[in-house]
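Both of the next two complexes hold subunit A, though its partner changes from subunit B to subunit C.
Moving on, here comes the complex of A and B:
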């Protein structure tokens, strides 16, 4: 049985440091939400120009936006700070982490948990709820279950993407920005129906990397709409298994990466 | 130790923005400016991994944004979105992804960091105006970015999409002038955001506001013409943001007749003058109250 008390202590330390700078934390909570607000505003502006996007109406697209932003915000809150690993590699802090008798990944995540991003999760969930209520969905038990599970599966999936992108830093320290193409890029990709993307780019992101299973296919299953691209209706329910595959892969990549790590210190 | 930098202390004050008794040689200051610009170029030329990573990421986002805007145009009745046709939208997105790095919308915290750590004292001791010295470095950086960060996304766009190519000869010089003005305006905006550290110490607040506001208001996420006309006009006249990206992009896709094109660039020039004047003023004010802490 793994002893979780050290991790709990790390988390309590984080929470305590926040309560000592309450005003600053409140300010960061409120400013952070605007990043997600901007994404949703962009979608609203685009639908001001056209009635549909990739043959989906505004309410249908909003459900995808809700699923995507809810999943991404949750992953960003839980795992997003792994982006800072290049800083840890460069400053040598990772050495200190590795000599402790605890798992490296949970330590890195709990050492600097960005609780200020909590507001984005709340907003993302809000968008999802509004979308689910206004889209005129014919609710069945299966769809209710999916609308709850899909954002969680999406969060696991995005977390896996975050971990894999960060692992690149073990090989090339300064290329952290490549990861953004798949983390933030993945968020942008999943915010729209995948029918808007063309050719090999869609195949690569949607199926090759699995981003179609974050929002698009779950949304189709919840809405009860047939896929214009021809996949059967049950595919949306496969989202959790795609997330599990992604998480297992990310775990394997992380272990290879950390074994490859060589300290930069002198 | 606590050193107070004040304008006019000492006999031969060489305080950075303080007035100088001796008339400065124009050729010498030009040479200094050129030398700092050159070193700015060389400095960014050493970050090869980061340059590659940045160009790669801009290119991926180019695909994402381009497909989305093309889908918007496809779904409208005449195939026009905000007055742009498909080819114009493709050019707008891909040139925008290249310019993003040239004007460097995000990620510059150097001045704020130096103010917080006190290193800025070193800048103030030099007989060069800090605004000019940072500007020279930034122009060198922008020159490097034009070669390494502007070209890859634009070439990718040309390969994978039907891009609009300018048809009027006047567009080429206007576009070049517009890019230079955008670099100057964006530098000045970043300088002002960073300079808030003179008063605030922690610039995370202004920095977050800048990062969030500049992307959407400069026309990166969607062309500002997608907004209602009154909002577009208010943004253009009332804020510097459209001058950072939207103006050069509208010039290159020839969204408007030549007179309007030239007018937009002139508006950019007005903003550059106002912003650089504001930088100078803020810098002088800051030096009067700056307290360098530490030993």
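Moving on, here comes the complex of A and C:
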């Protein structure tokens, strides 16, 4: 059994540090709300131009936006901090993390408390609730379960993406924004029905990397719509398994990565 | 005696890319640590020195589980550092002169309290150790100041305390006196001397300040280009590199003929000799000089020896 008390202590320490910068916290909180509102507005604007998007109606597409936004915001809140590892690797600050008797990954996640990102989470959940209520869904117990589980599975999936794209910095210290292509890029990809993408791009992101299982397939299953791309209806319920596979993969990549940590001079 | 640190053929390679031509970059493998063997017994105080880039910090990082060795093996407290990192972390303390493990925005008091939970130290033990450090390192005046506002000397005293609160068996110190003023250096040194004298903590210390070594360490390991070039006492180092004690003689009036052999400098009234072997007979002869006013014996300077060691192109 893992003793969580040391981690709780780390958490308390961060919370206490945070209180020494109240003004900047308030500012970041409000900019985060603004950013999330913009994310959703981008999708809404598209429907001003066209009645349907990739053969989906506004309410159907909004469910995907809600699932995607909720999953991403939760992952960003819990694991988004891992992006800071670039800084820790480059400056050798990771040394101080590795001399403590705790797992390196959880310590890094607790290095900063991104409470400001909480607002994104609340907003994403709001969109999901509105979409679920207005889309005229024929609710069955399975669908109710899925609408709760899918954002969580999506959050695990995005967390795995966050970890893998951050781990890359163990090999290439100057990764710049490559990681963001998969994290923020992934969020944008999942905000739209995958039918709007074409060819190899869709095959790679949707199926190869599994982004179709964050919002698209769960949304189809909840709506009870057949997949225009021909996959059976139960695929939406496979989202949790895809998330587990992603999490296990990310764990393995992390363990290999940390052995490649080079630290810095003295 | 129990062996606390055992390293055999420890090696760490880094791949560096070197510019070769306009766009082409060549990969080159550089060994930062190139086959280090080390055995340290419980209670030893070991000075680990070498010029910049010799591999001191890299060795320490492999022994503390931060870096994975490219080859060779290491055991610290019977544990293999990287795979058993978290277990090892409970039994060792690490102080990096150039990195902080304290919470930047919190007072020392809070940092120490957090560390108690992180290392799961029973409250009573923690209180005893903290009280001892507070007394020896004079922490009381800045216990409630946020770490970011501490001076370097104060912070270093805080770091030392932080590394000791869980009662480590081995304390690794990477340049603990770097950048400190004379008073803080003295405070850190006497604290470490006291700690080492108690005999239950093994100390491994890297430094560029050889006064640290002379004050604290019986044993000296010198590393250069990733290899151990000397392992033994400071006396053994002097013997090996032929550094000698010097005798400085001040005279009331110049003597024509220098009374002893190897004169280093002479301006008539002051003579400086180097002495091989026992110094007592030389002094006895000098004491017979009628014009003798003062006589001083200067111990060999470790800086000189080490400089020569670093500069020798291919140390044995």
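Quick note on the criterion: the second predicted complex is superposed on the first by the 257 of 266 C-alpha atoms of A that agree within 3 Å, B and C clash if a C-alpha of one lies under 4 Å from a C-alpha of the other, contacts with A are read in each partner's own complex, and residues count from 1 in each chain.
As a working rule, a residue touches a chain if its C-beta (ideal position, glycine included) is under 8 Å from a C-beta of that chain, and two chains touch if they have at least 3 such contacts.
Being a predicted model, the structure only gives us computed values, none of them experimental.
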item: Overlay on subunit A: subunit C relative to subunit B, clash or fit; value: fit
item: Which of subunit B and subunit C A:17 touches, first, second, both or neither; value: second
item: First, second, both or neither for A:263, with subunit B first and subunit C second; value: second
item: Subunit C, subunit A and subunit B - angle at the middle CA centre, rounded to the nearest 10 degrees; value: 80
item: Partner chain(s) touched by A:96 [first = subunit B, second = subunit C, both, neither]; value: second
item: Touched partner set for A:198, first subunit B, second subunit C, both or neither; value: first
item: Minimum C-alpha spacing, chains overlaid - subunit B and subunit C, in Å; value: 11
item: Subunit A positions touched by subunit B in one structure and by subunit C in the second; value: none
item: Contact footprint of subunit C on subunit A as seen in their complex; value: 3, 5-6, 8-10, 12-13, 16-17, 20-21, 92-96, 98-103, 259-263, 265-266
item: Parts of subunit A lying in touch with subunit B, wherever the complex brings them together; value: 27-28, 31-32, 34-35, 38, 41-42, 45-46, 48-54, 172-178, 180-182, 185, 188-189, 192, 195-198, 201
item: Residues on subunit B engaged by subunit A in the complex (per definition of touch); value: 47, 49-50, 52-54, 56-57, 60-61, 63-65, 67-68, 70-76, 81-82, 204-205, 208-209, 212, 215-216, 221-222, 226-227
item: Subunit C to subunit A touching residues, read off their complex; value: 14, 52-53, 56-58, 61, 64-68, 82, 85-87, 89-90, 92, 94, 96, 98-101, 103-106, 110-111, 114, 117-120, 146, 174-175
